[in-house]
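Next come two complexes, and both contain chain A; in the first it sits with chain B, in the second with chain C.
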Partner chain A sequence: MEPLLTVEGLSREFGGFVAVDDISFALRAGERRALIGPNGAGKSTLFNLLSGRLRPNSGSIRYEDREIQGCSAAEICRLGIARTFQITSIFSQLSPIENVQIALIAHRQQSFRILRSSRRAYLDEAAELLAHVGLADKHGGRCGLLSYGDQKRLELAITLAMRPRLLLLDEPTAGMEAQSRRDIVALIRRLCDERALTLLFCEHDMESVFSIAETVTVLHQGRIVLEGPPDVVRADEMVRSIYLGTQHGAAS
Partner chain B sequence: MNVAGTVSATILVVALALVALIAPFQYVFLESELLIAILYAMSLNLLMGVGGMLSLGHSAYYAIAAYASSLLLTRLGWPMGWAMVAGPPLAAAGALLFGAFIVRISHREHAYFLMLTLAFSQLIFMLIYKWYSVTRGDDGISGIDAGGVLASPRYYCLFTLAVVALSMAALHRIQISHFGLALQAIRDNPERASFVGLSTRYHQLLAFVIAGFFAGVSGTLYAFFAGTISPQIADWSASARPFLSNVIGGVQSFWGPVFGVFVLETIESQVGRFTEHSLLATGILALVVGIYLPQGIFGLLQALWQRRRTIAARRSKPV
Partner chain C sequence: MTELLALESIDAYYGMSHVLHGVSLSVGAGEVVLLLGRNGAGKSTIMRTIMGLVATRGVGRVSYAGRDITGWAPHAIARLGIGLVPEDRRMFAKLTVRDNLELGRKEAPVAVKRERWDLQRVLALFPALADLQTRRAGTLSGGQQQMLTIARALMGNPQLLMLDEPAEGLAPIVVEALAHQLALLRTQGLSMLVSEQNLSFSRAIADRAYVIETGCVRYQGTLTELDANPQAWTRYISF
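And now, the complex of A and B:
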């Protein structure tokens, strides 16, 4: 089957420091892949390159039948690639329902309508999406006041409103305690199943990684050092040494 | 707007119309002046409140429209109606031109945003000030007379009331529109906005054009109200007035800037009776509000009212 996303020879450096070094991989439609590696391995940079937040120095990103490495973030969004951020990114002065409404409005390219009221815009659909991520009873109030876990859920609802084919999640369970982490993992699995999403996510929590991913890609110092099913990666000696830092004799 | 809102707005407009028709002339003039200042502040609120873009250069658009309509009337002999209608679109065109440069900076960089908006408005100020052959420089333009029925201050006030009420209804509609919500989203989190597929700059540019247009409506109304205009209406201190009305009244609520206009006017007329340094009082108030009341005075009143209602609701509940 034709891959949904193909990355070839992607590189990006910051003032001499090569954050992403000649990375190539392909993501087939419906795949769920985790990106792991220690801090500074290049995961976030890779995410930023894929989502248009950064431009690569070289290499190509092919999505469906288009080269997207030169596209802006907004253009990439409209093509069906949605992302979340490590530090949850929502419209904190707006209410949860408005957060989802504006994503729906943007997705349908209705955001320049200056006379049509937004109060009831796509209200049912927005409510449905909130219910979907478990925020059925949280429509009003400033969403900046929601709990951390609920903000993460809201960010998921925003991305879903864009009807993505490819979802990029940057540390979806970062900073959560065990129970809400398990809830979010279950939610992500359910969403991917129901909506036939292709998923690429980075994550530090191995329990979450292994319960979501079908494939795991290990990054180290900007390069892919291993790619394979979770079992293989879990058992790999090199991965252990990278994570424990024994390679350099400095356990952190 | 809900039913209660529509009813109270209608009552307010009728009351103001009655004042225009029967009150002594000094109040009729005051009403026209305040209405024009309110629209001026409200147009800036679309940028500052809804869009989160601080601007110290709003006088540029006010002055473009005031001068354009006045010059068309007095120098080219256009009929009053056409001269008036031409003002706001020209202001909007100016906002499109300047806005295209201004929105290239992030609105989160408040200092740069303020400097750039200020710089563009000073450009207009200098243009008006120096281009004597056309604008008459410091001499200003006089003889901008509203003809026909509008020559009567009472009818001009009614006309102003109608235009301002319609403009405010339009601004309210825009604020709650799809576009208004997009603008708020961009204000809150420009990064997330582009990651839902919104082109932040184009939305901000349209906000500039709309705000410029309504500042132009206000400027045109002023020119024909005052009958004479001078370059001072383009100066930076002229931009500070709607800016301070927003800050003092509160940028986040629709009626905040209206409230701010009244506060400024009161300070000027009341403190002005004792000292000529009433600007000092305005400055101190702006400082206090800026530091302690980010939601402005109207925001504070709203919060107090809300609290009273919750307490009352709690009391009335049987324990």
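And now, the complex of A and C:
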């Protein structure tokens, strides 16, 4: 099958520090892949390059047979690559449904008009997305008052409003207690299945990594040092010594 | 055990929202106390209240080493020897890693017998930071910023160290090293108040735990007691 995303020779440096160093990999449509590696390995930089928030110094990124290196973040998003951030990014003063409505409006390139209220725009569609992530009963009130787990769900609903084919999730279960973590992991798996999404995600919680990913790519000092199925990666001596430590080794 | 920190019937608000309801808890000298509870339960607010970053209302009192510090300014509380590692990794983004660490430097009171923290020692704890000393803090990755925040708090040689989700965003191998170091600090008599979702990390170092739910203390006890009470686990934590 043709890959959905093909990255070749991608590099990015910051004032002499090479954060992403000649990275190549391909994601096939429908694949769920985790990106792991030590702190500072270049995971977030790679995400920023793929989502157009940063320009690479060299290399190419092909998505659905189209070169997207050099496209703006907004263009890339409209092509169907949506991402979330390590830090939850929502409008905390607005309600959950307003957050999703704004995403829908933005994705369809309609701006707010001063004389026309946007309050009713895409209301049904927004409600449907909220229901899809398990927030059917949480349309109103300020988002800032939602529990952290619910904010993460909302973030996923906002991301889905972009109608993505490829989802980039940066530490989707960060800061959650175990039960919410498991709930979000189940939600991510369900969304990927139901919407035939391709997924690339960074995560430090190994339980989440191993229960979502089919393939794991290990990044170290800006380079890919290993790529393979979860059990191969988990058993790898080098990965254990640079990243996993003793607790998450082969025995676990 | 001598009581180092005590909260008595603390009420706190964010604007109109009443977020802490009559919270009472204590940390003894040399004790490591865990705050457990779901996201949004009020654990961070408790730490911010102790640090003077959230004002209390009502009759509640915060006392530290026998002094009433209710209503004190955060810098005055810091000078008493309370250090906070906040969840949101605040740092001086334009300054180098080394400058951030130097800014956190504060000598320990003479009476403290622990080994003093200095640049060399914090860099030995986080070897990853040693190579980044001249980098601007704002260019670090999320996990590296987390290490820097913890290292900077240690540079202040606190008597009571409050860690809000310290393992968050750190590679598993770094979490192991951190757990090892905190266990070592505990044997040296450092008092700690720790909020952490990663229980395999926090259980190993804690003496006692409080379970916080919707701004109230729902349960307290030693970890052995908590382990022997599956109902409390299921009801309040369900890990």
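Criterion: the second predicted complex is superposed on the first by the 238 of 252 C-alpha atoms of A that agree within 3 Å, B and C clash if a C-alpha of one lies under 4 Å from a C-alpha of the other, contacts with A are read in each partner's own complex, and residues count from 1 in each chain.
By definition in this document, contacts are C-beta pairs under 8 Å (C-beta built on N, C-alpha and C of every residue); 3 or more make two chains touch, one makes a residue touch a chain.
Computed from a prediction, not measured in an experiment: that's the story for all the values here.
A.B. asks: Pick one for A:14: touches chain B only (first), chain C only (second), both, or neither.
C.D. replies: After superposition on chain A, A:14 lies in contact with chain C alone.
A.B. asks: With both complexes superposed on chain A, which partner does A:74 reach: first (chain B), second (chain C), both or neither?
C.D. replies: first
A.B. asks: State whether A:149 touches chain B only (first), chain C only (second), both chains, or neither.
C.D. replies: Second partner only, chain C.
A.B. asks: Does the superposition put A:186 against chain B (first), chain C (second), both, or neither?
C.D. replies: neither
A.B. asks: With both complexes superposed on chain A, which partner does A:175 reach: first (chain B), second (chain C), both or neither?
C.D. replies: In the superposition, A:175 touches chain C alone.
A.B. asks: What part of chain A is shared between its chain B contacts and its chain C contacts?
C.D. replies: After superposing on chain A, no chain A residue contacts both chain B and chain C.
A.B. asks: Touching chain A in the complex: which residues of chain B?
C.D. replies: So the residues of chain B touching chain A come out as 173-174, 176-182, 184-185, 187-189, 191-200, 202-203, 206, 210.
A.B. asks: Going by the contact rule at the top, pick out the chain A residues touching chain C in the complex.
C.D. replies: Chain A residues touching chain C: 14, 17, 37-41, 43-44, 86, 145, 147-149, 171, 174-181, 204, 206, 241-248.
A.B. asks: For chain C, which residues count as touching chain A in their complex?
C.D. replies: Contacts found on chain C: 17, 37-40, 87, 128, 132, 135, 139-144, 146-147, 165, 168-177, 197, 199-200, 237-239.
A.B. asks: Under the stated contact criterion, what part of chain A meets chain B in this complex?
C.D. replies: Those residues of chain A that touch chain B are 51, 53, 72-74, 77-78, 82-83, 85, 89-94, 98-99, 101-103, 105-107, 109-119, 121, 158, 161-162.
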